[in-house]
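So, here come the structures, one by one.
In what comes next, chain A is part of two complexes: it sits with chain B in the first one and with chain C in the second one.
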Partner chain A sequence: MPEKFDCIVVGAGPAGTACAYELAKAGVNVLLLERGEYPGAKNVMGGVLYRKMMEDIIPEFYKEAPLERPIVEQRFMMMDKESAITFSYKGLEWGREPYNNFTVLRAKFDQWFAEKAVEQGALLVCETVAVECIVENGRVVGVRTDRPDGDIYADVVVLADGVNSLLAKQLGFHREWRPDEVALATMEILKLDKTVIEDRFNLEPNQGCTIEIFGDATKGIVGTGFLYTNKDTLSIGVGTLLSGLIKHKMKPYDLLEYVKNHPMIRPYIQGSEPVEYLAHLIPEGGYHSIPKVAGNGVLVVGDAAQLVNAIHREGSNMAMTSGRLAAETIIMAKAQNDFSESMLDQYRMKLMESFIGQDLKKYKDATHHFERFPQYFEQYIPMMNRAASQMFTVDGASKWEKQQKIWRDLGSAKQKFKLARDMMKAWKVMK
Partner chain B sequence: MMKAQTIEEKQYLVRFNADTKSHLHVLDPNICLTKCPDKICTIFCPASVYKWEEVRMHVGYEGCHECGSCRIGCPYENIQWEYPRGGYGIVFRLG
Partner chain C sequence: MLHIVACIKQVPDTKIIKMNPKTNTMDRASAPAILNPYDAHAVEEAVRLKKKYGGTVSVLTMGPPPAVKAIKKCIELGADEGYMISDRAFAGADTLATSYALTKALEKIAKQRPIDLVICGKMTIDGDTGQVGPGIARRLNIPPLTGVKKVVEINKEKGYAIVHRKLEDGYEVVQSTLPCLFTVEKDINDISFAPLPNMIKAARYQPTIWTADDLEDVDRKQLGLKGSPTIVSKVWAPPKPEGGELLEGSTKEKVEQLLSLVLAKKELFQ
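On to the complex of A and B.
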């Protein structure tokens, strides 16, 4: 292995691989380091991959990438103990080119994507941990790996080492994350016959459905459950802020079992067989938690930079775009042979101008709002369910009487005022 | 009713390539014993890696998912957390 590269990318997830792919394509000599046995071996995601940001890198990737199903329907369940209000959008335009998004299994997808970067000329080295950045005269000049004689040098290092970015923390780019800046997600892959999946979710072959579940899926803790269709498996999971699990002293796998056995969910997964169990952290600090992303000779991309829109469950798309923007910046820096922070900071500007910066800014206070005021999940979702039950149950009472009952269920005048104020506040943090 | 699955049964579904030495270390065992009645890591760890055994914390690093929750969630920042050596640790095959 030559010991000096133009660029070292740490981590072969969507952010790191996107960056390495773009660099290699532009003729930059790039090393892609991965600590797992293969790319994807350490990576977990609920499973939704967005077409647009992937196609910005590899046009028509869907013709050859290992994808599960294109999603044609997205459902949202506001769930109580034994009821749910469900919203859905189903559109067949999502089932054909150019598509909107796909479910994927990451161990397969990440390997394929990394192979594409290798085809472009990137050097992929697996089973190698970058334990620290080598810093000389205030600039990052390489990484120290856990291999014998493992120092490798480069003009610029890209940290794509995920939510636990120990390297960015070592550089002082961020403090340790707080438990309310990360969500702990547990999930299972459940094997189920593909025709059974299609029957249960009202799908044609090669169509998929996603369900996001709010309310009782997390027993009122801020978070969501999800159930996604793959080809012949389902991905079911639940994610809550780590701070919520701590506060409620709840075991994450007990919560997952609770969701799997919930009467609103169980019929979907009945008869399936669990084939894998996975846990992972999701960076959900949002805009306020974005660390320093550019320094002398170093850039931070993807989860390592907290680039996740928890409200819209977008993350892998932000990872890819951030990797691509980092690559663009590095190509420019290389042309001028200037890898200083002031040069590389253009990456931060591009990031903030893109949909990533804009969307994270839009929802900058949302997660913290719902964590500080648990009544949305704990009280208002059950209230909506009771109202729907009341209105749609035909029992001889007049519709006026029913409206009055619903109105009374909202509580005293003071409680109604609080409810109205909470709705206003929710609008404010989401608008 | 589906049979509730235990964490042990869930962990059987996962492939691990365990190293011979731990990548997780309790820095000061005395803190767990004297200052931390909740032993909250034994609750939120998604792989049940941490088990309190009367006077000490048993760390079953071999079943770790490398999620990082214990490092962030320990109220006393008492857990030293590193990545396992290259190639070791959890190996996800699917998701």
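On to the complex of A and C.
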């Protein structure tokens, strides 16, 4: 007779592990399944971990977790072919407790986090793939794994199986994602001397910097490039909607090579050695793409539920919070021994009331807007760069003349009207 | 009912390990720790014999606390019990001191349940000596059968085992008395894909851990660095093979080229 757990969590990423941690802490008998050799072996993100949502689960985790650098500066580059307008905020308050966020390397961090769940009493089994949910009488009662004697049962199954979530798809919770609902991110980890990193990015030891790059980093395709500082490596990458890559017939690694060789970026990474190459899909469908997240005996969390805020590059925090909210719901359901959809649907309500639902709702049309109207990335960023160059080049022309030139550069009256309308629209989808 | 003990070791994965170019020593931090691949085949064979003849499979290792992971891997493969000896006193042991410490642990295990068969991997991939298995056999005063590539029969009632030992030009069929010790080749079996219940058991499993004080009649002078007469005088990286010839063209052309090259070497056919 196969063993029965209170709960099976499929996938030991931030969402699944957060859920397993909270459940185990509450004394729930939980099995955490991971397909990789160890948690984090197959997980990819640019590398920003948010302190608040992690601390909601493990207070003062930063005292022992394998983190790279606390981020004290966030830069945003509007980049053209050989110029860039950069905004930055640097605040030393982010460099001390309680911190704001950290760069992390997932292979190390996820392992550590899963060990913490195991310490709480979760049972972690790796190298095991859940191939389908076992459904009996219209409710999920367990999962079938790829191993011999691989059926395992539980009162409730949490699907934290990542962006493609084959299990949720099999249950009919969502269709195959459209190419405009997922981004493809490719990144490299580049080895570089610690002191060189600190010199180049103007950092003290144990301070980090993130740079988000818009515009020419993606050759005008909707997406961003990024460059983050780790202890003695840099994470550099580029993520664009799959639909954009298809439309422009671009290969993602060509785009990454392009960014690495861009004259605005190259000096940062000069002399570094690639030590790792990673690529992964990111769910960026936003609010409209959130699938059904609760069914009879089943919940969906993290990337599997499309919980990513592409505009603010937040995802791991939403994953953790969704895992925690799922755990809260399960603990409640267990107390009443009711794992029906109507009971578990409280998770969806919690999700929507939390910052996750609020933020995704706020930006619900943003990605689609920028994808539908490519002029923001293709035309307006170069235009801003030209205007800045014009304004700050001292060439004997009066400032009034310069303003006139910039004004003329905006095009005909019709084009100016379109620009104004686009700015209004952008404001509307972002506000 | 057989009691088989597999002796195993956690080793750095030498497939991906980096060598320190200055000292020519292994940079152990650069590679993940894995169960020595030969030992995985030893455990697999023990589990297969258990399935065939009935009995119990125990695994034994000497190592630092993280080596528990290697024991868990053996539980996944189907081992029933795991024992680990872990103590600073064992540190720095060469093959002589290692086989001494493992023998003392085997004697303690045997007191709880007599041992019919000890199985070791042919060698570890970090040391490549292949001496610990025979060292244990000598100390236990049981026959060592090295390079075993097939187990034909184990007969506990009549007290014998028949195996095939790999030789350079074939194999030999050997019959030995029981108890005895095998060291096994990789081609003895294919590692099976562990069933889920084993994975769950392994995730929960905590092995029995003994320190030097827990072992009986131990001569501390024979443990660890003190008990290790081996001196490493020089370590160097093997030179990369040079020369060779790359054949080009379609498969058919390459085969023809190869054939004519081989046929041209007349000395091969005398």
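Please note the rule applied: the second predicted complex is superposed on the first by the 429 of 431 C-alpha atoms of A that agree within 3 Å, B and C clash if a C-alpha of one lies under 4 Å from a C-alpha of the other, contacts with A are read in each partner's own complex, and residues count from 1 in each chain.
Here is the rule we go by: contacts are C-beta pairs under 8 Å (C-beta built on N, C-alpha and C of every residue); 3 or more make two chains touch, one makes a residue touch a chain.
As the structure is a prediction and not an experimental result, all values here were calculated from the model.
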item	value
Partner chain(s) touched by A:Tyr253 [first = chain B, second = chain C, both, neither]	first
Which of chain B and chain C A:Ile152 touches, first, second, both or neither	second
Touched partner set for A:Thr128, first chain B, second chain C, both or neither	both
Touched partner set for A:Arg106, first chain B, second chain C, both or neither	first
Partner chain(s) touched by A:Asn164 [first = chain B, second = chain C, both, neither]	first
Per-residue touch tally on chain A - higher for chain B or for chain C	B
Partner chain(s) touched by A:Gly47 [first = chain B, second = chain C, both, neither]	first
Contacts of A:Glu176 with chain B and chain C, given as first, second, both or neither	first
Residues of chain A contacting chain B in one complex and chain C in the other	127-128, 145, 147
Chain A-facing residues of chain B, complex	1-2, 4-5, 7, 10-11, 13-14, 17, 38, 40, 43-44, 46-48, 65-69, 71-73, 77, 81-87, 89-95
Residues of chain C touching chain A in the complex	193-197, 199-200, 203-204
In the complex with chain B, residue positions of chain A that touch it	35-37, 40-45, 47, 105-108, 126-129, 131, 145-147, 163-164, 166, 176-179, 182, 184, 186-189, 233, 235, 242, 245-246, 249-253, 257, 260-261, 266, 269-270, 274-281
Interfacial residue positions of chain A with respect to chain C in the complex	2-3, 31, 123-125, 127-128, 145, 147-152
